[in-house]
Each structure stands twice: as structure tokens, then as C-alpha cells.
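First the structure, which I've put down as C-alpha cells, then a few questions once you've had a look.
Going in written order, the chains are labelled A, B, C and D, and every chain counts its residues from 1.
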Amino acid sequence: MQTVLSVAIDALAYGMVLFVISIGLSITMGLMRVVNLAHGAFAMIGGYLASYAARDLGLGYAAALLIAVIGTIIIAIPLERFLYRRIYGAPELTQVLMTIGITFCIIGIANFVFGPTLKTIPLPETLRGATDVGFRTIATHRIFAIAIGAAIAVLLWCLVEKTSYGIRLRASVDNSAMAAALGVRTELVYAASFAIAVGLAALGGAVGAELLPVEPYYALRYMVTFLVVVSIGGSGSIGGALLASLLLGAIDTTGRYFAPEYGEFFFYLAVIVIVAVFPRGLAGRRA
Amino acid sequence: MTPLLDIRSLRKTFGGLSVTNDVSLSLHPGDRVALIGPNGAGKTTFVNLVTGALKPDGGRVSLNGMDVTRSRPTERVKRGLVRSFQVTRLFKDMTPEEHIACAVLQRMGKAGRMLGRHGRMTDVMTEVGDILDFLQLSGIANVRVREIAYGQQRLLELAIALALRPRVLLLDEPAAGIPHAQTGLIEKALERLPADLAVLMIDHDMDLVFRFAKRVIVLAAGSVIFDGSPQAVAQDARVREAYLGSYAHAR
Amino acid sequence: MTDVLGRDRPADFWSRLKESSLPGALAIFVVGIAGFFLLPDNLALLTRIIAIAFLVLSLDLVTGYCGVATLGHAALFGAGAYGAGIAAVHFGVTDPIAMTIVGGVSGAIAGLVCGSVILRAHGLPQLVLSIAVIHLFHEAANKASSWTGGSDGLSGIMPDPLLGLFEFDLWGKTAYLYGIGLLLVVFVFLRMIVHSPFGLMARGVREDHVRVAAMGVSVHSVLLRMYVLSGMVAGIGGALSAVATQVVGLDSLSFTLSAQALVMLVVGGTGSLYGALIGTVLFLFFEDVVSAANPFHWLAIVGALLIAVVLFAPRGLYGTAISIIRERRKKSAA
Amino acid sequence: MIGFREDMMKSLFLTTVACAMLGTAAFADTIKVGVIGPFSGPFALQGKNFKAGIDAWLAVNGNKVGDDEIEIVYRDIPAADPAKSKALAQELVVREKVQYLAGFYFTPDAMAATPLLQQGNVPMVVMNAATSAIVTTSPYVVRTSFTTWQTTTPMATVARESGVSKVITLVSDYGPGIDAESAFKAAFEKDGGKVVEAIRMPLSTNDFSPLMQRVKDSGAEALFAFLPSGPPTLAFVKAYNDTGLKTAGIKFLATGDLTQESDLPALGEQATGLMTTFHYAVSHDSPENKAFVEAASKAIGNPAELSFPAVGAYDGMYVISKMIEATGGEQNADQAVEAVKGLTWTSPRGPVTIDPDSRHITQTIYLREVAKDGDHYINKEVKSFEKQGDPGLAHVKK
């Protein structure tokens, strides 16, 4: 029982970190229909900015997270304006090519500017160390990550379902020509969504840095993991992404606990089974 | 005489909503039947059930005396049940000749050949040429589809269906989207369809229906509410109710 | 000249030539021989380019001709490489031609396995299936280290002299010429396939699989057969790589190689054998030159190249060139 | 037929060599050394260390050996890719006409190039790749780094001496990891200890908490770990701390890959007290090392990035310079390799010898403890095991 609980709590923490980083990708892929392989690169930029702010400028953790999000969005705006806008609606392979190109460039620049070593983001005293949760101890920062994940899920859901921006976004996605005819400025909606997606990536990159450390190759190293999460969840669905993150976190964690030698097999076989059973993702809509 | 296509008590529900409700009908060689009905009557679902794209919840579909209710769509095509599409589904980067060649090759069982070119198979090309000529498409045989006129695309849609030598042909709005001036081409083609072919045409265009069909079936809310001659259909009270009623309650 | 239908068909010498695979084969031959004499010191690179070209051609068969999205195609290449390597190291099959055949067969079997899994979904989920498959292959090869050498690589592959006459030596002449020969054979074979009735069906599947199914064609069987063919081609490339380098590493079964192959294909232009070849040659040459010039930051330059291709040649280099020529012709005809 | 061809090649070759000899009698030559390593991609840091080590050697000793000038030609291979390695090695030998091949971070890359050495008449100096078998694949291979067996084996003694009898091993599931597991197990069980569980974890593991949980459940007194240097080590060490293993008193033993100096700033406080065995610590206290660190820090730019591949490269350059000296700048692989067999010198890491039989480096392996020195962290040497050869050679499959 204790083992089960213990594995469960690890799974929850890992799943939430996956969720925080992947949800932004789910937005670009599901709502904007862009296969954005550069998503990890934005998460990495977020991590670097947070690390720079906290370590080199000596700012607080909260300020560092804020700088990471805002800074990454500022960096991403010209990219959206000059590069991404060219590939909205383009064939998937074209999008793959463009976003891989962007990723390569960002990796090269990060390597040049920050060097190839690992960067950490110093935690505030309250998040450091471990917390005893009764039957075992768990890193306090992981509890924080779980809370951030839950907060993001709720906020995003409210944003998409309850606000006028959400309505316009959904309209633009369903039929952008129609939405434009009705007076929705789809370009602005897309730009705003892109900014939100990038901001979430940056936040995820900074918060998740304890588990997925920041280094130049980050952008490619975890790309596949994020893609798998989004696709299993059914792109564009907040609930789906959450469910997929937790499920994949659980599969990964239990696999690693009970049969680490075959952890990789376990994980990818599960992915194949899930895709075969839910070809449109866990929360995918019928065509 | 056994009917070519025999449909008995076909049923389909989506989440409690009955979209095909106990539909029965049969087609014999030479039949020219039109299936009409107001929007949302379940015509598309009906076509999908007959061609096998959807599995029915109940009922039976027989082709030439053979039960095909559980057969795959491709199996039904091989047995002579062929459909055309309401929205043109053509290969934009391929030529009419290639489209028809696909169909002819498939029918002749040569589609899996990995050697040789269709252009050098005399039997295939003769037939492709005949069909192109029949529908007056020879002039654009080697032009990519994305570059030919919409009316011609509709003719090509018909040509593909004919190339499969169907015994039962389901035409889903064959003239949809064509400017009125050009429907003549389609009509002329329809008039010259092989005599022993059974045709079920689904359409809105009443002019076309009246000129083409010898028999009209009206579908409303998933049920057949009329099956009779074109002359009788306009007088039928239930048909008027279905059309006008549904328009009256239109959202 | 008129054909059996009595319709005018352009059947003069030149258009017949255009239809045949002769010009392509000739081009490969000429470029191949030119490479041999112009870059005699770089034959290993050229051989590697040829081996990868098989992989990209093979990817083009399923992605370009059938519209299957995959980021796991190196599984077929690696299967061929390991098949040939294991045959040589563990079973004493050291004749290069026999190794190539073993590679082709292993690739075809891998194609059957991968195809059966990957064809279960479409679009993004299909991409994810392919990623899962390549990771499983990679992990399986890592685990079976007594057969594959695991992460240290399968070494000790010693191919016999080709036809008993020509040794695979340091200068790599034999390996290169063997590669060119194989490429010629496979290219002509693939031209035949893509212009055959089967190839026609495959193109139909890419354009609209619902339409093809309505003709009575089993889409799944067309795709699966293409996957097996594709596996054979990739497997031959893998075997060539094993014969030429005498080592097989886990990288030949990696996601990275799969992604690279896809990038090369898209850079060249999908749906055309020429596009695949041009993409491979240009990309690898570019990479070689840039990474030799600046081994530390070349990745960013390659990234910039990819962005430039998307912006200025959205159908790939070959595809865009062809469509420009077409437009020109149309204008001059009008 | 073949014989004839070979003979012709050989005579042609000899003529060329003879001409070259005549040439050198009068003029100084430029001797090219081809270095293959990961200069971009996920292992760029290790490649950067190769370059720093080489640059440091050139800075200290100058780029001339006798009359001959050394020129380094770098080729990038971002991740293990033997086919590419072979192509690059061939290009270096045939086109760039390098007289020496060096570098090689990954085993398969080195393995791919060894078959070329004899025909190319080129010695290879392995500056990192750590699988024992490499030196057995060709008589022209010399290694100046270490092997996983070599650095791991003393750890078993350390464990036994500290009173540990039950150990759980946790290694990355790939060649070097399996080497480490086998080496530790062999030595530890010979000393009477017991490996209660041997866990292999996929290289792509990001979250190690569940594994630490298993360590806890296994009842072992110590954990022996092998992970390649790089990002996962950070999460690994964090998980060790956060799951309470440290407070529970379970000892952490590992090879130095896990605490390479460039990762220490990131590992920080978490890593203090970790015990590792390795052949080199940047903090090693000797005049040779001070000179090396000074030059290498300058070469790499950021001193915090300096770590063990640099010393392998630095000593590799020393070996190559001795080879050039012995051959007088002529291309003669046999003579060159023969000349460095048994070569003994004081490296920045301590006294070392090229073992004449295996051509692998015999060296001191140190037990180190991560400790704070001023405001940064170092691997503080606490014990040394002198004249360690490579025990892994006995296990190489023939």
C-alpha cells in the first residue's frame, strides 16, 4: 500500500510537470493547427531567463518566473510575426521543417550565449528541501509544481470556456473565414494564443527545471515527450492534456519502479496501445 | 426476379437519435430511382449504410441475392455497388486519364501490379479511352484535375463510377455545384447510362429528378414516407407536410 | 502519331524519353562517376550520402507517394544494417551481395512490422506511433547486445571482396562504386514501381483515401505493401552502410536519423524520386561543408537553411523548381 | 590479382613515403592531427573540453615538435554515429592527409575508425571512449583516458573498507553502464560483499524518484551509480536527497562521470559528500596540474566548464608529440606506436604509463568527495589507488 501511494505521488508530480510544459503545445497544435516542434525551445528560453534573473541578477524566484514568461513572449513575438504567420495553414511537413529550423537556431544561439553547461534556478528557502507527507518525504518543490499545474488547468479552462476571448478563439479555430466575416480579428486572436502558448512553455520550462534541467539541447531532448503527451491527450483539449500527462506520468513512473530495465518498452508499448484504442486522443472529438 | 439491391428494415441510431428508421427499398435492373428528402432527413447516413461506411444497428442489405450487411465497403464495390460523391473527391494532382485508369485497373484486378505502365496496357487504355469519349472528356485527358472546370470534374466523378462497371449506382447529387447552364452535360450523360444498370440518385434539384427518375422515394426524419411515381409525389400530403413543415420549423 | 484510341498522343522520341527512367539513371551515373573523379578523397562521405539516399527514397515512398507521416523510418534502415551486420558477424555471411540481400529482406520484414503498427492511425497520432516504434526498435537493439553489440556498436564486420575481386579498402572506391551500382538498380526499379498501376493507386491513396476505397481498393493493403517495399529499399541502404563502414551503431535505428531523413526529403521535395535524391545530396553536402567550416555552431546555420527553404521554396527545392518551370511554360504557351 | 594490386599499392605508397622523406630532409613539415569529437549537439561540452585540452597543450609546449609544425583539424560528430565517424576518419586520412587520428568521445565512433588505421598507416589516440575492447581492435590504438572498469573497480574496495556489505547498483542501460555494473559486482563480490539488486535504467530517464524508492526498499547499505555526465545527473542527485536516502544514511558511491566539475555548480549543495572514484579531478594538487588548469581554463573561456575530457586530450597530445619525435615527423604508424609503449610521465592527473601490452594508460585512481572550496564545489581527493591497469581487458570477448 505504501509503495502504491509512494509511486502514485511521484507519478502525480512528474505528470504535472509534463502538463505544465505540454499544455502550451496543445494550444498551438490543437487550436492553431501548427505542429510547433520549437515548443521545447521556448520552454528552454524560459528556463534560461529564469536562471539568469535568479542566479546572475539575484532576483527572487517569483520575479524570475515572471521575467521568464514575459521575456520569452517578447522574444517570440517577432518570430510569430515573421515566421509562424507564414506557416499557418501550410502542410504539416512544411511546419515541421520550419519549426525544426527555428529550434536548431535557438539551440545554436543558446549554446553561444549561455554555454553548454547546466543552468539551475535557485529556489527560495520555502521551496527547498523535502516535506514529510506521512509515509515518505517528497521534494517541496514538487508539491509547488503540482499546485502550479492545477492552477494553470483551472485558469486556462476558465479562459477558453468563460471569456469572450475564448469564444473568439474557438470561433477562429472552427472557421477562421467566418469568424473574420463576423468581425473577429483572427490575426490578433492567433497572436494572443501564440503568446499564451509560449508564455506557458516558458513557465513550464522554469518550473520544471528541477526535473528537466536547462541546457542548450533541452529544446530537442524532450521534444518527443511533449509531442506524445499532446497527441495522446488529443490536441487542443485542456482536460485531455491533463489526463494524458497524468496517465503517461503514471505509466512511466510505475514502469520505472517495477521494471526499470524495460521502462522504455513499457512506456512506448503503452503509447501504441493508447493510440490504437483512442486514435483521436483521450479527449479527441469525433470527425 | 431477385432485386439487384434489396434493403430490408435498415436501422441506425446515433446516441438515441434515430437517423435511419426501418428503411426498406429494392432496385431492379434498369431502375431509375430518385431519393429525395428535406435537409437532415438522413440521406447521407443512408448512403453510408448502404455502401458500408457505417455499420447498421439492424436490418439487412443484399446485393444480387447475397447478404452484404457485414461486408466491407471494398467488397461491395467488387460486387457491383458503386457510389459517386456529392462533393467532388478527386485527385487534384492527377489527370482524368489516370483517374479512370485507376478504376479500370482495379476492376480488372490489375491494380496491384508493380511492373508495367497502365499507359502501355492496351486493354486498359482502350476502355479508358472509351469512357473518356463517352463523357466527352478526351480533350482534357492529360490535364491535371486542379486545372479543369468544375462541370468537367463532376463528369469525371461519373466516369470513375462507370469505369467500375457497376450494377447498382448510387449518385450523390451528381449535378451539385454546377452552374445551371452546364447541367445539360450531366443530364445527357445520365440519359445514356447502360440500360440494365440500376441507379439510385440522391438530389435536391427537382427539375433533374423529374426528368431522370421513373420512381421517387422520399425520406423524412429517417423514414420512407413516399415511394411512387414522380407525378404523384407533389400531390402527396405527407411529402408536403415533411417539406413545408420542416421549413416552417426551420431553425 | 496516334495511339490505339485514335487520339493524338505526344509519343515522339523526347516525350518517350521523359517517361522512361533513362535520363534519371543516366544522371545518377554521370554524377556518380563525376564524384568518383572530382572528389576521390571524399568517397566515404559520398558513400554515406548514397546509403542515406536509400533511406530518403524509401521514406519518399510512404510519405511522398502515400502521405503517411512518419518520424520512425530509420527503423527500416537500421533493420537492414543490423540484418547484414549480424549475418556477417554471427553467421559468416560475408559476401557483400549476400549481405545486401539479407539487408533488403530484414528491411522488408521491419517494414511489415512497422507498417502494421503505424498504419493504425492518421496525422499526429500516426506520427506518435512512428516515434514509439523507432524507440522500441532502438531499445530492442540496445537490449540484445550479445547480437548487436548494444551501444558499443556491432563491429568486426569484414565483407569479402566484391565478386571476389575488389576489396573494400581505405580509399573506399569499391564501396562507392558498389553503392552507385545499387542506387542505379534501385532507382530504375523504383521508377517502375511508381509508374506502375500499383504506384498509381498509391498516389490516389495520398490524394484521397476515401475516394480510392470507394473504387474498391483496399487502402490498408496498398499502404502495407508499399511499406514492405520501402523497407526493402531502406534495408539495402542499411546493408550498404554496414558493408562500407564495417560497423553498425544504434544511431542507425534512431529517432534522430529518422527526423533527419524527413528533413532531407522535405528540403528536396516530397513525392518525387528526384526530390528525394537532390534533398539528400544537398543537405548532407551542406552539412559537411558547414560543420567542417565551423564544427561548433553549424547547427544554427543548418537551422537557418531550413527556415529559408520554407520561406522561399515551400515545395522543396526540386518541387519548387518544377512548379516554376511549369508556370513559365504555361505563360509562354498562353 | 589481389596480391598484385596490393603490391602495386604498397610500392606506390613506399615511393610516396620515400619522396616525402627526401622532402623533410630539407624542409620542415606540417603534421596534421585529425580530431573527431562531439563539438555540437548534446555533448558539445565534452567536445569543448577536447579542444581546451589540445589548445592548452599547444599553448604550454608550442605547436612545434623539432622542425615540424602541428596542425589540428577538427571534425564534428554530435552523437555516437559510427558510419559518420568512419566517413570523417577516412576523409581526414585520405584528403586532409592527417598523420594521426585522435579524439573519439564515444566507443562506436572509435571502433568504426580502427579498421582504417593499418591501411592508412595512422595511429589513433583515444582521448575519451572508455570501453576496454577498443585497444584490442587494432595494434595502432593508444588510449590516454580511462576505462569504466578501471575507474569503477577501486570503488568496490572503498565500499568494503567502509564496512558496507550490501549494495544496490543503479546504472544507465547502455554499454558503459553495464561495464560499470559488471566491474563493481566482480570486484565487490570478490571482496566478500553482496550486490542485492542490479537495476539498469533507460538513458532517457528524467525522473529518478521511483528508482530511489526502490533503493530504499531494497535494504541495501549503499548505492552504486553510473550515469553518463550530463543533465540527468542533476535530477538523479536531487532525487537521492529528496527521497530521504541521504538522511537515511544510505551511502552514495559512483564513478566520477556523475560529478564532473562542469556539473558541480548546478549540483551544488546537494552533491556535498558524494563519494566517487575517477582518474582526474580538476582540483588535483600538483604543479603539473596547476599549469594545465591555468592553460586549459584560458583555452575554454569559462573555467567552470573544464572537466575530465580535457586531460585525456592534453595527455593525448603529449603522446602524439612523442610519436612525432620518435618518427622524426615521418608517417610511420608502427614506429610511432612502438615508441610510446611503456612511455611514463607525470600527467596533470599524476604519474601515468602507457602499458606496453595493451597500449592503455596505467594511472592512479582517486577516491574523491564533493566538498565546498571557497564559493565553489570541487572533487576533493581523499585516497589514491596507484598504478591501476584496466581490469576490463580480461573480460573482452575474443
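Following the convention adopted for this analysis, a residue touches a chain if its C-beta (ideal position, glycine included) is under 8 Å from a C-beta of that chain, and two chains touch if they have at least 3 such contacts.
Model, not experiment: these values are computed from the prediction.
Chains making contact with subunit B as well as with subunit C: none in this assembly.
Taking the mean of all protein Cα atoms as the centre, the chain whose own Cα mean lies nearest is C. Taking each chain's centre as the mean of its CA atoms, B is the chain most distant from subunit D. Annotation: 47 Å between the Cα-based centres of subunit A and subunit B. Chain geometry summary: the mean Cα position of subunit B and that of subunit D are 72 Å apart.
The distance from the centre of subunit A to the centre of subunit D, with each centre set as the mean of the Cα atoms, comes to 37 Å.
One finds 34 Å separating the Cα centroids of subunit A and subunit C. With touch defined as above, residues shared between interfaces to two or more other chains in subunit A number as follows: 111, 264. Under the contact definition stated at the top, the residues of subunit C that touch 2 or more other chains are 139, 296-297, 299.
Shared interface positions of subunit D, i.e. residues touching 2 or more other chains, are given as 40-41, 44, 48, 173, 202. Here the touching chains pair up as A-C, A-D, B-C, C-D. In the complex of the two chains, the subunit B residues touching subunit C come out as 51, 72-74, 77-78, 82-83, 85, 89-94, 98, 101-103, 105-107, 110-119, 121-122, 125-126, 129, 133, 138, 141, 160, 164.
Interface residues of subunit D, counted against subunit C in their complex, comprise 1-2, 5, 39-41, 44, 47-48, 74-76, 78-84, 86-91, 93-95, 107-109, 111-112, 114-116, 119-120, 131, 133, 137, 173-176, 178, 202.
Chain contact summary for the complex, subunit A toward subunit C: residues 29, 35, 83, 86-87, 90, 92-94, 96-98, 100-109, 111-112, 224, 227-228, 230-232, 235, 264-265, 268-269, 271-272, 275-276, 279-281. Touching subunit A in their complex are the following residues of subunit D: 40-42, 44-45, 48, 173, 199-202, 204-207, 209-211, 213-214, 217, 230-231, 234-235, 238, 241-244, 262-263, 265-266, 268, 301-302, 304-305.
Those residues of subunit A whose C-beta lies close enough to touch subunit D in the complex are 3, 6-7, 10, 13-14, 111, 115-120, 130, 136-139, 142, 210-213, 215-218, 220-222, 225, 252-254, 256-257, 260-261, 263-264.
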